[in-house]
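Just below is one structure, and these are the notes that go with it.
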Amino acid sequence: MTEKLSNAQIAWRAAQDIEDGAYVNLGIGFPEIVAKFQPEGREAIFHTENGVLGFGEAPPKGQEDWDLINAGKKAITLKPGAAFFHHADSFAMVRGGHLDVAILGAYQVAQNGDLANWSVGAKGVPAVGGAMDLVHGAKRVAVITDHVTKDGKPKLLEACTLPLTGVACVTRVYTSLCVVDIENGRFVLREKLPSISLEDLQAVTGATLVIDGPVADLIVPELD
Amino acid sequence: MDKTIPTLAEAVADIHDGAVLMVGGFGGSGAPIELIHALIDRFVATGSPKNLTVINNNAGNGRIGIAAMIDMGMVKKMVCSFPRSADPRAFTEKYLAGEIELELVPQGTLAERIRAAGAGIPAFYTPTSFGTELAKGKPVKEFDGRSYVEERWLKADFAIVKGQLGDPYGNITYRMAGRNFNPLMCMAAAKSIVQVSKIVPAGGIEPEQVITPGIFVDRIVEVANPRQEEDMNRAGEVYA
Amino acid sequence: MTEKLSNAQIAWRAAQDIEDGAYVNLGIGFPEIVAKFQPEGREAIFHTENGVLGFGEAPPKGQEDWDLINAGKKAITLKPGAAFFHHADSFAMVRGGHLDVAILGAYQVAQNGDLANWSVGAKGVPAVGGAMDLVHGAKRVAVITDHVTKDGKPKLLEACTLPLTGVACVTRVYTSLCVVDIENGRFVLREKLPSISLEDLQAVTGATLVIDGPVADLIVPELD
Amino acid sequence: MDKTIPTLAEAVADIHDGAVLMVGGFGGSGAPIELIHALIDRFVATGSPKNLTVINNNAGNGRIGIAAMIDMGMVKKMVCSFPRSADPRAFTEKYLAGEIELELVPQGTLAERIRAAGAGIPAFYTPTSFGTELAKGKPVKEFDGRSYVEERWLKADFAIVKGQLGDPYGNITYRMAGRNFNPLMCMAAAKSIVQVSKIVPAGGIEPEQVITPGIFVDRIVEVANPRQEEDMNRAGEVYA
């Protein structure tokens, strides 16, 4: 396998696109680490489904207050200017178009923007949480993900095969190999690692990568 | 982040001709008189904004506030539940002369349509107005043996509302019954503009006591000693 | 015209049926005076559409605070235990079945419970306010009204001729002559002034008054 | 008016077999552990209540709270968005054995359905779940060129929730993110039962700071030092 970005590096790249003053929801798990990589001089305000706006980092171990958690049930802290509200108001923010960016994980993304990230099929206990709400309403719905599955299969596809989270909802995908925009039912390649050829990238992608404008080098710092 | 705007004039500078404008308040309670009058000042100076669709529970009282906007000819259409007041002359004259449109909406439906717009709910069902002439032309559906009317969300380009405290993040509190439609309108408008009696630093409002979280607010402007519409009307004031 | 109750007396009678601890909305205008006649030892909590629960009497003249008003835009005061909320929550209380009693005025009431109380027809400026919401959701929707119009025409009818406020919503009517319940599409007479005969009462009523159970004397104290 | 109830046992005494029960909280935040355990105590002593339909965002964690109710066999069906947790054994075992039903609802739809029940809105449209298997069998309607799913209100016979302050009129405040579903469930249940850390006299909560107005609350009971579910789970506690 070729060189690829770590999860932290993918998160770092996604964080660079968050504008100053943006309202942002980070999906539970992997996307949460995007918060660590906010560029200097820009301020994002983080929203969590369970009714907090303007939260900050985790508290030091032992100082958790378990009434102050995020949607992933991890302890958080508040920044000045934070607010609490109930769940209906919280999802009014989500569906009502008030978030600027939602950054989510993915099992699969299709070239029309379909997202599958909640269920791997029929076995086990299904759980959806806020994923199906978060894909609607945010001005930008971005995905961060490894470019392929653990056994090397493409995650960027012509059509998802797993149960959908939402239809035609994703607008940008940050992977371990590249950055693509979803425009008019196509994956448009915007950036790729300099070390991978376009042919090799296409070979691990399950749909055509369209070149429509310049393709920049995907340059990310070394991170832990 | 700093959503504070130094002057009323700047706060309302981009409200354009033909805009759909929510105006907070119920009677004089929670009515953003200073923001309304800043808009009138702009109209007097520049001829804009005009052809406005104004959403408010009422349709102005006396010769100030929304009534003065109507008198000035700035308003093409009112969306409200109760276009009557102690002194409804401004609206009544124009309405009877066919010079202003009216969309009459039951008060609870008006509130819920505004909330729905803010919450990304394009339509909902309510028992209100079923079987009445205000439901004419609206889809009806039966649930559990009872009939309900389908109502659509009600969005706006701008909201101007009055709060009590505000911080630079746009978090807002309201004074007593001055809350009314104001938090809903902040949710439903593309741009929400709030006048507050006092701007406090971030953290100056307890997070549990925030009524309108800042995500719903775009601009706040301090009006340290806001006038009360009711007092102005009782004093017979005219804004023109 | 025969002896009849004053507005204050009609309001007094309606007030006697409000249970201890009831949540009550009084329509603007005439119904507002019901609050004056709460029986000793019973406490009602008054709701007003513009977002106040637990309000009390008007303040002394000159001490009004115009941010503290009722739906009729009259100045009010607060009782301990009062609460403020926004308009959507306020009408959630109304439509959501949380009010025990709504007491409203009427132009006309039909024997199936239809109410007309917001419009006298096409001329002038129409205005509806919260009337169409209030007729839905309260456990009891009662009407207080003079038994006939100013020119002597019946207000209790087989079917309303004026624009409706709500369909089949009224459950009890307190008039200047009697108290009727609306049951199964009929006006069932419960109380009448001792001074009026059943025949005379029927003569000023636009629909059949059904006798189904005892008819008590409508006894109300002298009030100013 | 006095809605205070002296003991937890009395507060939950009439929750009957087969009841639909909303349980507040999101994880351990705002979870009414003491009310849940009072219900379990009653079940252990009397065999009731059982065959409950429980509505909560999750489906229990560890061996306390809702997880303990499931372990005990009190729960026929869960309505939730995320039946997983740090230790989801109780629900998972019963679910895989076909001994408990699950209605899986997206979190925002769950919140809105509960609010709709409290607000007298029998159905509403949401973009959430459109085109997914969770929308199967639900009516779909297009508004302004976009498709939406029709969702019904979600009512309950009882709600048990956790607040911070309460007064005898039933006015409630919440602590931090412990608010979550709790105010909505108070609106949606026929009977709402709230445990609070402190009961204050009428007037002890500023009217502007009330989060749940008393009209939505039927009983309040003081639990002066409530336990935190998360702490109990981290200590490996078992309630049985």
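A, B, C and D label the chains in the order they appear, each numbered from 1.
To be clear about the criterion, contacts are C-beta pairs under 8 Å (C-beta built on N, C-alpha and C of every residue); 3 or more make two chains touch, one makes a residue touch a chain.
The structure displayed is predicted, hence computed values, not measured ones.
Asks: What is the chain whose Cα centre is as far as it gets from that of chain C?
Replies: Centre of mass proxy via C-alpha means gives A as farthest from chain C.
Asks: Return the chain pair with more inter-chain C-beta contacts, choosing between B-C and A-B.
Replies: Looking at B-C and A-B side by side, B-C shows more C-beta contacts.
Asks: Using mean CA coordinates as chain centres, what's the gap between chain A and chain C in Å?
Replies: Chain A and chain C have C-alpha centres separated by 56 Å.
Asks: With chain centres defined as C-alpha means, what is the inter-centre distance between chain B and chain C in Å?
Replies: A distance of 30 Å separates the two centres.
Asks: Between chain B and chain D, what is the gap in Å from one C-alpha centre to the other?
Replies: Chain centroid spacing, chain B to chain D, equals 35 Å.
Asks: Please output the residue numbers of chain B that touch at least 2 other chains, ranges allowed.
Replies: In chain B, 112, 115, 119-121, 126-127, 174-176, 179, 207-208, 211 touch at least two other chains.
Asks: Got the chain C residues that touch at least 2 other chains?
Replies: Within chain C, the residues that touch at least two other chains are 84-85, 88, 91, 94-95, 136-137.
Asks: Go ahead and list every pair of chains that touch.
Replies: A-B, A-D, B-C, B-D, C-D
Asks: What does chain C use to touch chain B in their complex?
Replies: Where chain C meets chain B, its residues are 48-52, 64-69, 73, 84-88, 90-91, 94-95, 114, 119, 124-133, 136-137, 163-167.
Asks: Show which residues of chain C lie in contact with chain D when the two form their complex.
Replies: Those residues of chain C that touch chain D are 21, 23, 43, 45, 47, 53-54, 78-85, 88-89, 91-99, 136-137.
Asks: In the complex, go through chain B and note every residue touching chain A.
Replies: Chain B reaches chain A through residues 1, 115, 117-121, 167-169, 171, 187, 201-203, 205, 207-208, 210, 213-216.
Asks: Under the stated contact criterion, what part of chain D meets chain A in this complex?
Replies: Per the stated touch rule, the residues are 26-30, 81-86, 88, 91-92, 95-96, 102, 104-112, 114-115, 126-134, 174-184, 211, 228-231.
Asks: Under the stated contact criterion, what part of chain B meets chain D in this complex?
Replies: Touching chain D: residues 112, 116, 119-127, 141, 143-144, 146, 148, 152, 173-176, 179, 207-209, 211 of chain B.
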